[in-house]
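Paired with chain B in one complex and with chain C in the other, chain A is shared by the two complexes that follow.
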Partner chain A sequence: MSADLLTLLGAWSIATLRSATPLIFTTLGETFTQRTGIINLGVEGEMLVGACVGFAVGVATGNPWLGLLAGALAGAALSCLHTALVLGANANQIGSGLAVWMIALGTTSYFGRVLVGNQVTPLPDLGSPLTDGLPFLSVFFGQMTMSVPLAVAAVVFAAWWLANTRSGIQWQAVGDSARISSENGIRPGIVRFKAILLGGLLSGFGGAILSVDYTQTWAQDMTKGRGLISVGLVIVARWKPALVLPICIMFGLAEVAVLRAQTAGWTISPHLMATAPYLVVLLILIVSHAMARRDADMPADLRSVFA
Partner chain B sequence: MMPKAIACFENVSRRFGDLVAVNDANLELFQGDVTAILGENGAGKSTLMKLLYGVYPPSNGRILIDGEPSAITGPADAMSNGVGMVFQNFSLFPALTVRENLLLAWPKTPFWASERNKGTSEVLANLTRLAPHINPHSKVANLSVGEQQLVELCKVLNISARIVILDEPTSVLTPAEARHLHGFIRQIAGEGVSVVFITHKLVDVEACADKIAIMRQGKIVDVSIRGQRSMSEIVTLMMGSDVKRTMSPPALPKKPVERLFLNKICADAPGMSLKNISLSVASGEVVGLAGVAGNGQALLAEVIAGIHPVTSGDVVLDGQNLVRRNQMETLATPLGYIPEQPRENAVVESMTLAQNLSLRTLASGGIDVNSDVQALLTRFHVNPPEKDRQASTLSGGNLQKLVSAREFGSPRAAILACYPTMGLDLSAIQTIYLEMFAQAEAGAAVLWISEDLDDLIAGAHRIAIIREGQVVAVKINDGSLTRDKLGALMTGMNLDELVA
Partner chain C sequence: MMQVNRDSILVVSATILAFFLLMVGFFMLLGKPPFEMIGMLLTYALGDGYSISQTLAKTTPILLCALAAAVPGRLGLISVGAEGQLYAGAITGTAVVLAAPGLPAALMLPAMLTSAALGGAFYGYVPGILRARLHINETITTLLLNYVTVLWVNALVFGPWKDPASQGWPATISFPQAAILPALPASRIHLGLLIGIALAIALHFFFTRGASAQKIRILAGNRKVGEMFGLNFGTWVIMLMAMGGAIAGIAGIAEVSAIQGRLQPTISIGYGLTGFLVSWLSRHQPLIILPVAFLVGGLVAASDALQLFAKVPAASAIILQGLLFAVALAVPGFIKSMRPGYER
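Entry: the complex of A and B
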């Protein structure tokens, strides 16, 4: 009886983590970008491109790691468009982000048609003779791939990097004020370029994990707004990398709950059910806003985007 | 043989559109010299030094460093070439800690910048030497202006600069802090640093300048060696005419009618609380409020202006209670308010001068945006007096004048002025005092916060002293008040103790 319970718990935990993983990378990337005072709604597009290119390369080479790498690079490449528009041409950041998204949506829908129905070699699971047969751990590790520990490591590293390294402090400074940064000898343009690039890289990677590792399929517009959600999650996480992990896990948990409810044969429309994770995010956003006093944690230069 | 100049401006000009901010300037800076740069507001002092620091390139002419054409194309280059600058309105990040601010401006910051890395301890060395009382882990936003200034100086020291540019550093300092700074400037000059010291205060020049360069309308009109010219000659050169500094507060009305009344105000802010402050100002009266910076005067001003809430007590103007009102009601109050640091607190930099001047009118429901704007700009000598210019392009002093023009420009029931002459040149100071006293003459109750005791003694009817959030004394200015007496009250030290 209790062994069943543990197995169930293990299954839920790992499902939650796996559904959260793509989002963790994307949210982390967007956190970096926003910390330097730039908002990039194009992450949705970068994720899509990452998912599409990653899946294609994974299928073509039969190597999922190459797929993930290619997805990350594709996301980074697409982010250069946002850089060019925003930093180069001084375009409105919201408009530029939407443009990047739409371009990605169109191209991946077109070129992705040939990928539909293909199979990709999955990443190996982390189950080992050590954990086999153990009540909780066998399920937990049996269904886990390297992407999960990688995501956790990325969050820990990001939090450490931002607070403890020279470049991390510089990035925070640029987000606070580009003018003051340049008076201090920092080149804000370069920092922002790097931050958008890193955001694109991580979003592309997150997208590739979604297609290559999590769902192991390609479908048109398969990110279904996850990129935009990550923009919101950055705010919920108060622009703090460390909070990205728990917040994304919360979203993952809601998503898993919906899937389980569907398989359990609930009679609510699946379309309505699918909105549940987003409602959870909205709820957290409202509560966190009500609790936090004003927008004290917001990078000051980010405000000007909305002015 | 003449020593070689460490930096040299050769026929340097800088234009902003039609405006020539620096016009054909020639200047040499030498090792171990303190060069004071004087000039009216908008004369081009800050711009000249920003050219050296690489904020803008010169439009014409060139700058030599060590005899070679300068390769500085931005502040980053300037810093690695040993040029450090403390800006007029600071360049610190309020949201970051003191230590992080220092790390940001330190070229030697290692990749791993955590405190556990021994290689970073050096970044705090100058801070511990210069200002051991500042906690490196407190946020810059929580420091007083004087303390922020010290952090800025540490930044410059940390790059072991050969040229240190200080843009009006003393305008935000108390006299004691300023004296400390003078000593410090002499010290680094003695170590061979070339210091450029932009100022409006002749005390600064007297205390530490070796050379005095005077700018007027973008031109360097005179460079003299210390002692070569008398102070009045210098003032004449600066203004283009002789300016006499006279102050004549209006006569007190025969029968005092109370207008502005503070009743047992208590308020709390991080690190400061006001305790039971009561004070009344009569119609036509000028009451000075003196105190060492950080003793609650800033908070009191915000409370009176309706920006900071009270925990208890009342602010009454003409029988109307001003506390617990919403923002629009506060803006519509006939209280002229000049806050500290007007660039942050009193203007919208992205708006034009005309729009800034009409902000209060708009709030009180008026619609006539452009009436009298031009006249106001001229009356307060805002330079350039172009009403469609964006406020962010005004020099520090002219921005202060713009705020005064809005607040003093129409009749008010009361005036609350915090350091209204900060960063202004002598003739502008004269204008501000004239306008402030004219308001009193017309019946306004004037509360004037200042650290300049001489000015307070010359111009206020009564002087209240604030210390640690309390009004510790209110003295009638009947001729018996002296700097020392007020200073003793401000610091809480007993005069007799000082003598003994």
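Entry: the complex of A and C
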């Protein structure tokens, strides 16, 4: 293979991974939450808050890692509102998620105004003398930051944890039936609280990756439905953490294809091109629903929310 | 029956009280005198003729979007697609005006409104058929589809539909006089409001009287029972989703024609989501939606004025709506758990 082609391949692969990374964290978080039988549309808001707070802290401290941490904590804090409404007041889960989203949308567009136009110190890339000058690898690592290997590691760990640890199995049991699991000495309320909190933490982290690491800017409503997309992708991934990785990479590939087509001078309206990610998600939702045995993998308690 | 009424009065008054307290807290956080601000909110919403006309101008799209959410809501569906359907209706309605700008008003208005309703209906039909045939959750698909039509409007007004005379400004030509919905003189109260009120009353009868009302109630209560009676859940899903979409489509062309006078990128300031909130607060009951849409319309209009005169952030409207939503979700469950003998 020619060196040019390898360079191109390297650039596409890393661009795809980087575009998928924020979504991997958010989708993984929502997978955990849904595995315990709770749907949280508020991840859109938690991602937004994570992006806003993460960017603000990143700018203020000059340390991107502190920004990512703050973003994750902000997402977790906001998710407590969903917990309070859904577990505390027994409110409708879909309604609660939308309320969380509205509050986050409003507050971030207010507090985020001062952030517009600021610059954040990005995470360092992973290029090193070891890979410099090598075909494929130099581009691949030269444009990669720690967020990518972290996302892959998170997926692997999540899949292992859910299937093999005592707590992971307890979480699955709660999702399949809160009633039976509580008869067996598990406290479903506590498990669901933890799962919503973890979902918020990962969504906030994903949002912070988006603003601090991927786009390195803040803009009002910058997640543009990525959180909602991740709720859809959880279904496509059949509630399996391991499938989150390939599914999100598919989404990343679509997004990169759009960006590349634009720079390659396609004459299609950029606004029309921007519809592609949503349509791609819709398409894979349709394909996966048409192919899968209906709802076979869905946590049983989630069925009452969906149907 | 008495018990139900006492309960709902308790829930409503507790919700209003809790929302009031949250508003006080919100304005204190902003460093504004809370009671003065709430007083100003009321004045700017309902204080004089001008304020009321502004409130009614905001009420119109909110009312139509609330009805759009309520129609599928009666079947237990959670459609949050009014925003996208509103934009879809704006596109298909505008298409008529651009294709035949010379039509007389007697032809133009019905053609424009019908086309908008059809565009919105199509945009409800798609998530409807996905739900009915493939069991894809309608909340997720409607939310995703919202982003798509907003981008379509952008693509059109930046591209083929752009008025060449408008310099850099992305917008279509100004609508001819025949394509402007009639309005009360010197106000922004237009035919759309009348359509909304008429639809609310018609839907009230549709959902409470007659055979369809019965069928919808049975299917919403228990789908299996309904199917035993030979009712087809999927058909009703598709029909009600499309019907809701049509109503939101009318909201879209009404904003474009009566308020903005041309199609441009920002038609709606989240009317779809606000309408969904109104429908939810009203438990999808058309006659309750009427006053609630008016009150929330007042909140939105007054937040606009407050932003102008009291330097309250523009985002206040959506924050306050989110808080109202959260309170309305929390209060019933909270009251229930206060009852003696309540066990989780």
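Following the convention adopted for this analysis, the second predicted complex is superposed on the first by the 304 of 307 C-alpha atoms of A that agree within 3 Å, B and C clash if a C-alpha of one lies under 4 Å from a C-alpha of the other, contacts with A are read in each partner's own complex, and residues count from 1 in each chain.
Here is the rule we use: contacts are C-beta pairs under 8 Å (C-beta built on N, C-alpha and C of every residue); 3 or more make two chains touch, one makes a residue touch a chain.
For clarity, every value in this text was computed on a predicted model and none was experimentally measured.
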Query raised in the report: Between chain B (first) and chain C (second), which does A:Ile94 come into contact with in this model arrangement: first, second, both, or neither?
Result: second
Report task. Check whether A:Val231 is in contact with chain B, with chain C, with both or with neither, and answer first, second, both or neither. Result -> second
**Report entry** Which superposed partner A:Ala219 touches (first chain B, second chain C, both, neither)
**Finding:** neither
Query raised in the report: Counting only touches as set out at the top, which of chain B and chain C does A:Val281 meet: first, second, both, neither?
Result: second
**Report entry** First (chain B), second (chain C), both or neither touched by A:Glu183
**Finding:** first
Query - Comparison of chain B and chain C by chain A residues contacted - result: C
Requested in this report: Please write out, lowest number first, the residues of chain A touched by both chain B and chain C across the two complexes.
Outcome: none
Report summary line: Given the complex, residues on chain A that touch chain B span 163-170, 172-173, 176-177, 180-187, 300
Query raised in the report: For chain A, which residues are in contact with chain C within the complex?
Result: 41, 81, 84-85, 88-92, 94-96, 98-107, 109-110, 189, 224-225, 228-229, 231-232, 235, 269, 271-272, 274-275, 278-279, 281-282, 285-286, 289-290, 294-295, 306-307
Report task. Mind listing the chain C positions that touch chain A in their complex? Result -> 78, 80, 130, 134-137, 139-141, 143-148, 151-152, 154-155, 158-159, 223, 273, 276-277, 280, 313-323, 325-326, 329-334, 336-337, 344
Report task. Provide the residue numbers of chain B that touch chain A in the complex, in ascending order. Result -> 55, 74-76, 78-80, 85, 87, 91-96, 100, 103-105, 107, 109-114, 155
